[in-house]
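Next come two complexes, and both contain chain A; in the first it sits with chain B, in the second with chain C.
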Partner chain A sequence: MPRIPPSVFRQALRTDPLLVPLLPVTRSLSGAQAELRWLRKEVPKPKLPWAIVQRSNYRPLQYILGDQPFLDLSIKCAEGTLIPRWETEEWIARIKPFISNVKIIDACTGTGCVALSFNGTGSNIVGIDIDTSCLSLAKFNQQSNRCDDIVHWAQCDILNWTDDLHHVCKGVNFLVSNPPYIPWEEYTKLDRSVKNFEPQLALVGDLEFYNALVHNLLEPNLNTCDGFVFEVGNVNQIHHVRDLVKKHGWNVGYLMDSAGYHRCVVGWKPDGRFDFKKLCDFVY
Partner chain B sequence: MLPIRSISKLIRCFSNTAGVSIKRNKLPPRPKVSEDEIEEVFIKGGKWWAESKYRWKLCQLEELKFKTNSNFFKINKTNSKVQLTHIPTGLVVSSQATRSREQNRKHAREQLAYKLQELLDPENSRAKALRELRIQKKHSKVKKTKKKYKLLDEEKQKQKELEKNEEQEEMIFKFE
Partner chain C sequence: MLKLLRNSRVPRTHLPRCSRLWYISRPYSTPTASADTSIADPRTFQLHPSLIKRARLLSEELTALQEKISGGSSFSVSDQKRFSELSIITDTYTKYQDHLTNFQELQELFHDEQEPELKNEAEKELRELQPELTAVASDLKAKLLPPHPFDSMACILELRPGVGGDEAAIFSKDMLEMYSQFAHVKKWPYHIMSQVRTENNGITSATISIDEPGSYKLMKFERGIHRVQRIPETETKGRTHTSTAAVVVLPKISEDNENPDADQREFKPEEIRVDVMRSRGKGGQHVNTTDSAVRITHFPSGIVVAMQDERSQHRNKAKAFAILRARLAERERAEKVENERKMRTSQVSSTDRSDKIRTYNFTQNRITDHRCGFSLHDVGGCMNGTRLEEIILAVEKNYNEERSKELLEIEENSDKK
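The block that comes next holds the complex of A and B.
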């Protein structure tokens, strides 16, 4: 990582001394100014020094402030659960208009942000996670955001095919997931604020999760399920899913994010209720 | 010799007629910018990415590139900063006003629309009118305190609301 020039530190000191401890974390003056503004606004004054020390130790801002805006929701965040990312926010906003009155499964739901975003589509939504602390946070978020569509939560391990999982997923029409997709070699290179504070369970994974999503969730429900969207970390994972569903004759495409990276693999049945062709940035 | 009071009255009379004053309710309308002309870029990604009609072409390029060099991996930190480029003019704005990315996207679009209007039609732009209004307001404030201006309660309320709206609009130019 490039060094921050001393002139930037001097400038920070001149504008506001409290910016200085934030600079190494945000790595830009404007970033530090924005974070300090938010901290000042949301943290009670006596706790501000504590919050700044926390942040200067690379603790994510969302864990200090306790929440993260996500589309029109406010998602409570706590250590042990992944903070919702803007990449996820972006693709959900694009997909939501295509969805109405269906049964949705959100596998690997974490804070529940994906499942709850589909509130208002008149759907029956089930969020699945292996971690019970994630599920209780998701339930909290459901209540605090007053989501009135039918949302349920289930504790299942998607990597193992069980009767429970089978029962929960029965009759699904639309499958979404943001599974852990960072291979181990990449994980060790991640930023300190991610690696030291966010749960490994939510981050580390690779093709095994896409295998599980297709074999354990999609294939047993091929008659009812008409489409899926899985978030990915690289183009290999897209190719892998494409090759898995090709034999069922499904259409496959992908979405890019606004940073220019491959972000989602999208699949839909040729004669099903969804036509995601217009949505995709590329169709195979 | 004229008494001092009448002199000041005279001056006031002149200063009132000089220059066209701007009315709050006759500002040029809020500008908008067409989505087709915007390119939205995440600030930390080195690469660029176009919205709307440019998307398809780019993707085909991407696909070619990734056939040859396929292991490209990226996870970003949490960040809400948004940057927009107006393709026809190359004008760039960015916003980090709030922690909500959706809010920042809206904010950046507003900001872009204002800047664009100022660039293309500076005479009739809303931004210019707002600036002048602010100066005018400053002057009238001084006057008001001298005169102990009395507004009806109802009118005062209206005024306050208008001022609040203007403040919100001025926020558009902050926090880039």
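The block that comes next holds the complex of A and C.
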């Protein structure tokens, strides 16, 4: 990482001394100014020095402020749960218009942001997570955002096929998931604010999660399920999912995010209710 | 006195028959001044025949609409809206007609040489009626002018310092406060969409959104260069500096909270490029960035909008699209106006093109608007938003006068052809 020039520190000091501790974290003056503005707006004044110290120790801003806007929702964030990413926000906004009146399963729901975003499509939504503290946060978010569609939460481990899981997923029409997708080798090299503060459980994983999603959730429900969208971290994972579902005759494509990375693998039944062809940036 | 009055009256026979000039009511400065000295000719208050024709057409439309609504066959919000608009205009028109006939009758009594007692009474009443009639006439005229296409919309104001360095940035900040205070005084909902601060508590750019529908009607007069003359806080030797700030007023075409993806779909993919901050590494779960800056480039017009104030990229995008659409709409309107102007042979001076529109002179405690020559001797009252409206209303009045003049010129030109 390039060193921040001393001139930037001097400029920060002249503009506002409180910017200086934030500078190594944000690595740009404009970023530090934005974060300081949000901190000033949302943290009560006596707690501001505490918040700045926390932030300068690389604690994620979303954990300090306690929430993150996500589409039209305000999602409460707490330690132990992954912070919603803008990439997720982006692909959900793209996919939402295609969905109406279906049963949706959101596997690895975390804060529940993905599941709750589909509120308003008249759907029956179930969010699944292995962690109970995530589920209670998701429930909180459901209430605070006044989601009136039918949303349920279930505590299941998708890696192991159980009767519970089978029962919950029965009759699913559309499958979404943002599973952990960072391979262990990459995890060790992550930013401090991710590695030291966000749960490893929500980050580290690779092909095994896509295997589980296809084998445990999709394949038992092949006759009802018409489409899926999984977030991915690299193009390998897309290829893996494509190879898994191609044998069922499904169409597969992927989405790119605005930063130019491969972000989602999308699959749909050729004669099903969804036609994601227009949505995809590339179709295999 | 009366003798003088009688002599000053222009005999009807001497009037050129179809001189249009006589139908135009005089600029707004006349009524109070002339009320004390003489009784005006009723024709002064008569409006241009084309305006009268328009008023009649509108009242016919109102009757038709009334029948439609009372028939109860269909109800639509737009009908209701149109109905209320029309009934306001028609009410003013009837009031104007009543006043005018009243005025003419009184005038006849006044010139009736046989009954001197009645004459005094008539004069007294005429004096009372005259300012009222002038007010109604100008009111009606303003209402009959074709409305500005964006008048019913909310607006977005963009502020930028001009020449003058730090002082200009500080003045821009003062202007931003003035507009927020003004919106506050008017009880209009508003929010500051973005602002970039400088070291000296000034701003390098700011965007304020006034969300009241119809606020564009008043605020559109604020566009242009505002000049300030004062001793800056940064000045050590007590010299007066002159600096400027530029204000751009845009109609608010879309709401911020609308779906930016729907906005994006409205533009062709090759026309538009959306850039986000490229995060370090691979993005997604790898980074929990707070950098949510978004930049939209619209290639056909070369407009670039950047937005970074919100914590959510989605909302930044929505805001950026709102500003882009507003700028495009404003540009389209400006082009249309320019084309119309080119088509006309005679160039008419108008409010739209003047660049320096207003001077804030702090040392003399005076604000002068150069478009109508109106001066307000209360800088503080203006800057805290309480008396800004007075200036804007004066400009609006002047603008309406000029537009009606322009309208008449167009009519006359087309008559000649």
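Methods note: the second predicted complex is superposed on the first by the 284 of 284 C-alpha atoms of A that agree within 3 Å, B and C clash if a C-alpha of one lies under 4 Å from a C-alpha of the other, contacts with A are read in each partner's own complex, and residues count from 1 in each chain.
Just so it is clear, contacts are C-beta pairs under 8 Å (C-beta built on N, C-alpha and C of every residue); 3 or more make two chains touch, one makes a residue touch a chain.
Keep in mind that this is a model prediction, so the values were computed, not measured.
*Asks:* Chain B versus chain C on the shared chain A, clash or fit?
*Replies:* clash
*Asks:* Where does A:T15 make contact in the superposed view: on chain B (first), on chain C (second), on both, or on neither?
*Replies:* second
*Asks:* Contacts for A:I4 in the overlay, against chain B (first) and chain C (second): which applies, first, second, both or neither?
*Replies:* neither
*Asks:* Just to be sure I read the superposition right, which of the two partners does A:F282 touch: chain B = first, chain C = second, or both, or neither?
*Replies:* Only chain B is touched by A:F282; chain C is not.
*Asks:* With the two structures laid over each other on chain A, which partner does A:L201 touch: chain B (first), chain C (second), both, or neither?
*Replies:* neither
*Asks:* Once the structures are superposed on A, label A:S258 by its partner contacts, choosing first (chain B), second (chain C), both or neither.
*Replies:* Both partners, chain B and chain C.
*Asks:* With the two structures laid over each other on chain A, which partner does A:A154 touch: chain B (first), chain C (second), both, or neither?
*Replies:* Neither: A:A154 stays clear of chain B and chain C.
*Asks:* A:D191 in the overlay: touching chain B, chain C, both, or neither? Say first, second, both or neither.
*Replies:* both
*Asks:* Based on the superposed arrangement, let me know which partner A:E231 touches: chain B (first), chain C (second), both, or neither?
*Replies:* So A:E231 only meets chain C here.
*Asks:* Which partner does A:L29 reach: the first (chain B), the second (chain C), both, or neither?
*Replies:* In the superposition, A:L29 touches no partner, neither chain B nor chain C.
*Asks:* In the overlay, one of 42-50, 114-122, 132-140 or 204-212 from chain C clashes with chain B and the rest don't. Which one?
*Replies:* 204-212
*Asks:* Where on chain A do the contacts from chain B and from chain C line up?
*Replies:* In the superposed arrangement, which is not itself an observed complex, chain A uses residues 30-31, 34, 38, 60-62, 68-69, 71-72, 83, 85-87, 89-90, 93, 182, 186, 190-191, 193-194, 203, 233-234, 257-261 for both chain B and chain C.
*Asks:* Can you list the chain B residues touching chain A in their complex?
*Replies:* Where chain B meets chain A, its residues are 40-42, 44-49, 51, 55-56, 58-60, 62-63, 66, 70-81, 96-103, 175-176.
*Asks:* For the complex, which residues does chain A have touching chain B?
*Replies:* 30-31, 34, 37-38, 60-62, 65, 68-69, 71-72, 83, 85-87, 89-90, 93, 182-183, 186, 190-191, 193-194, 203, 233-236, 239, 256-262, 281-282
*Asks:* Within their complex, state which residues of chain C touch chain A.
*Replies:* So the residues of chain C in touch with chain A come to 197, 199, 257, 259-261, 274-293, 308-315.
*Asks:* Sort out for me which residues of chain A touch chain C in the complex.
*Replies:* Contacts found on chain A: 1, 14-15, 26, 28, 30-31, 33-35, 38, 60-62, 68-72, 82-83, 85-90, 93-94, 97, 178, 180-182, 186, 190-191, 193-194, 198, 202-203, 231, 233-234, 257-261, 263.
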